[in-house]
């Protein structure tokens, strides 16, 4: 048990183990430009790439990481029974916008969400896209069983799509870009977000780490905010950093970046998202409704109480600390 | 070398790597002859038989059977020194397989007939490891007898048999070879057996085996009972001659 | 049954499934005796040897060697009917392994000595399939001689050897068994060999093997050269007696 | 005479006095397994109690509850037996195709030298490839329904049989091959009557490994459109950290695998009475 | 006398007149492989040209370019050789552990009857389990660094060796076991001097399969924290539909697998001169 034994629980040991994922966000800018390393020179910092929120949850359970970039849907799972992972949401990395969308294939005869009835729709199960798809169906008055939902990884969606095996798919970039070429966007996560079903990428920090290294958490939030500023101010520079991490050309990276929704650091502390120590933001409610959805799917045992989820939003020092 | 020769071995020498096992040897066996090979252990008898059967190619010289380079399984039946039974087939199944290769429908009766010819009763359904060593050897003989080849090569086939069984099989083989006119090459260590069976006995020198004595056996092939034959003074004389050759020309060798 | 008896077989019968292979047999072999077993192929000689070696347990009756139930590899050396060499070891390696089990440091010289004793020179480094059938059998004998057991069980050890080699090994075995006082049980189909080697010859009936003749051989064990021994009138008489027993009491059987 | 056949060959001497001798062996075996099972159960219960974290080690009780629940109300819309049945069908078909393909490849490779020269590297290359890496190609070629899954399972099952068969065929005993040829057997008769029977024990090992491979590839195969299917169920449960369902799925897979292997072993013992006698 | 040893055993008669007879065999073999390679290349080029979709079938040229690029500027922050080197190290360690474990398990299973009764079902159970299903448990138990990867690879490599060894050990030739015992060999001496050498050919087959298994599990093992690592690289590329990199990775895996298998085969031929002679 190498990773499991050491790390965040030990206040003496100055090390941070970060989990990141391969979606375009400020997190990658922080990693690529070494912002955190510069801010905390006496910490030993390790970055580990994960390819799903589920495996990040597992790593948290194994006490192998301290801070992670993770989707809102897995966070809702992590905060619910039986997982009850002791971590707190400390940052909103981005909100899914046009980079996640439901697309109908040309020639499938599907024109809107409602006409998906009886059709075959692909999406990666247990992802934010899956959640959004079900939300979109619900919005259109369709039951889950009305549609034939197929579990496929994004690259497999692209393959199946080309063969004409799918009528529609809810997926994200880069496969989204490919299938959009021969399809029509029915709804995107940006629209669902405005309709109250946002899906987000969050930064979470283990409770142990917060207790032992609050100043390191502050530093991390600062550099993440810095990255958001850079994305807003100099998208080209941000895209270059992100592209380097994703093995993409800067142009491709910038194209992808432009389709996401990146908040301003100041907005994070608004009531819409994290909120402040005095008033925790709507994010908590959002997570609870995601949990309710999961409960309906029999994927979790119980929906956590709103108050408990609010406690799991780390708002200490907001909004000042982001500046 | 006339084409009527069943076997023509010309200037043959065989080497395994650096070891010269036999040769050089020149040997012509006319059709219908019963040739017995005698020689010290390790002198190359089995090798010579394998050369004639086509399982080895001579390092030097040529081997012809019925005028052609020998091909294993074509025109020559071979009993190896070891039984080499197929363990995945029953005793009867081993014989049946040989019958099948010979193109005959392998009825149970045929199999039993062949087994009885070598003195085996009621063992057809046993597994090959459920019979004694001598019985295994006899199954191997029965298997080789299943195919009607003009040439029969036998490598110490009776070595593991008791005197009585051995004599019966000797008589059977002597009679059959005479009646059918098949050519036989027979390897044995028993001088008595050599003189009794052979129409010609060849004694080999120790490795590399060369011809030390090539003796035609002038005893009558028919008309005499085995005991009468063995009682002939010529028999004793021939036996003594072969025995002396074996003793003087054989030295334990590797 | 005195504890000085090397082998005590009491009311032994052995069955393989439904087949009764030997028995019932009662047989006591005092220490130092050279017992030769003769009998038709399939009469149960090998089975009896395996019972004495401890590789089979009798279906009925008891077997004791040196007063104890026999355990394979303890106190008895065994030469099987087949050579059973280990193909993953060279010829010399097979002998060296036996020396190792005997607790002796297996020097190359020791190995060569043992091989030479059975008439093999310069084959130590060959693979087991690179020697002839008779040579393989001799390696098996050398392997069994490596261990100094008070009891030596030999199952047709000389069956594949030429007359000269065979006689040399016979003489060696006869001398050694006499000098060391080892008890031997020796299976053979050769009546001559039986009378020459044995201090006692037991002829078995066909399956299920029972004792048909139990004959002490009263020939002198020392002092005479082999040829002189074979020339004795008693030798001829004994050979005739055993030969007659084999012939009358043996019928080809399964 | 017939009764002779039914008599079992006498056990090898080395095992003669083993504690599991034929008489009373069955019962003893059963008892041993039961004890082992109880010990394992005890360990599990203990581990579950001490870790007290159902995502780490779900308790036996929780798994049992899931068994009841998934068998009555189902999981991901299908009952446990449905998941298992569909997967077993896939494993079966995949194994059969893979084993057949492996046999043919193996025999050809072992028997025809020039074919081996070309095929051997291809087979070695293919069996080194991770299914997860090339699975997407299958989708492109075969869609998202049964075909790609069956392909994946077949390809997983093929190599053990092919490699074992080829090795065993190449190692055919010279003595017996010669014996068959001396009796007049042709090239293919030698293969049928000597090489293959002789290779049978190793082929069986290959087949048992192949079925195991098909089993352990079922989750990979069912990453795509895998529900219903036990692999799809396990994946789903995994993503939601429902470890009790994951463990239940593992048990369903492992136990049915055990059953099939037992069948194969019985067949092996029946078909290869000569093992150890050649 | 020494020179006798170096002489190769005469080839089995059945292959005597094969087109690949010793003399000129090497060159012929090489030529055959080259032709096969060219044919495969032609097919690939053709497929790439006709589909015209680089995400499905990248052209040989594109893969070559990626080879140059990843070898000079790298991919995901590491050069191709680094990815490959790290993965090979994992495969090597995993294989060694798995093979050693498999050998021990197999021998014990084959030799000690009561242990077999208990161990056999456990091994069968475990080898039916899909690594993807239990990998998350490894993460929980062993963290996210090397340990869980090595465990996964070891467990993947263990079953072929264990099953093949156990089967071969059980099938030890009675005749030779008896011969050793007659010479005074004890239980363990019989195992060391008869059972194991006799099982060696099958064990080698098991080892070759095991290494193949470790190879094909490397992507699964590197799903988490797998960069640097060839499996991690492939997965990364997969996610971004960079099929040329995926194919490059597959080639790197397959070709190095080929190399290792060739080494194993050479060792096998050296170590088992008696194959087919027993």
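Order of writing sets the labels: A, B, C, D and E. Residues in every chain begin at 1.
Keep in mind that, in the parts below, a residue touches a chain if its C-beta (ideal position, glycine included) is under 8 Å from a C-beta of that chain, and two chains touch if they have at least 3 such contacts.
Because the structure is predicted, anything quoted here is derived from the model rather than measured.
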| item | value |
| --- | --- |
| Mutual neighbours - chains that touch chain B and chain E alike | C, D |
| Intersection of contact partners for chain C and chain D | B, E |
| Computed distance of Cα centres, chain E from chain C, in Å | 49 |
| Computed distance of Cα centres, chain D from chain A, in Å | 40 |
| Rounded Å distance between chain A and chain C, as computed from the means of their C-alpha atoms | 84 |
| Shared interface positions of chain C, touching two or more other chains | 16, 19, 55, 72, 82, 122, 129-130 |
| Where chain E touches two or more other chains, by residue | 4, 13, 56, 136, 140-141, 175, 178, 181, 223, 235, 238, 277-278 |
| Junction residues of chain A, two or more chains touched | 54, 58, 61, 155, 159, 162 |
| Touch list for chain B against partner chain C, complex | 16, 19, 38-42, 46, 81-82, 119-123, 130-135, 138, 155-156, 159-166, 168, 189-191, 243, 246-247, 250-254 |
| Touching residues on chain A, where the partner in the complex is chain E | 1-5, 22, 48-51, 54-55, 58-59, 61-62, 64-65, 154-155, 158-159, 162, 174-175, 178, 246-248 |
| Footprint of chain E on chain D - complex, ascending | 12-15, 18-20, 29, 32-33, 36, 55-56, 113-114, 117-118, 121-122, 124-134, 136-137, 140, 159-160, 163-164, 167-168, 170-175, 177-178, 181, 187, 190, 201-202, 204-205, 208-209, 212, 215-220, 223, 231, 234-235, 238, 243, 246, 249-250, 253-258, 261, 275-278 |
| Residues on chain A engaged by chain D in the complex (per definition of touch) | 52, 54, 57-58, 61, 77-78, 82-83, 122, 125-126, 145, 150-153, 155-156, 159-160, 162-163, 165-166, 294, 298-300 |
| Residues of chain D defined as touching chain A within the complex | 53-56, 75, 77, 135-137, 139-140, 143-145, 223-227, 232, 235-236, 238-242 |
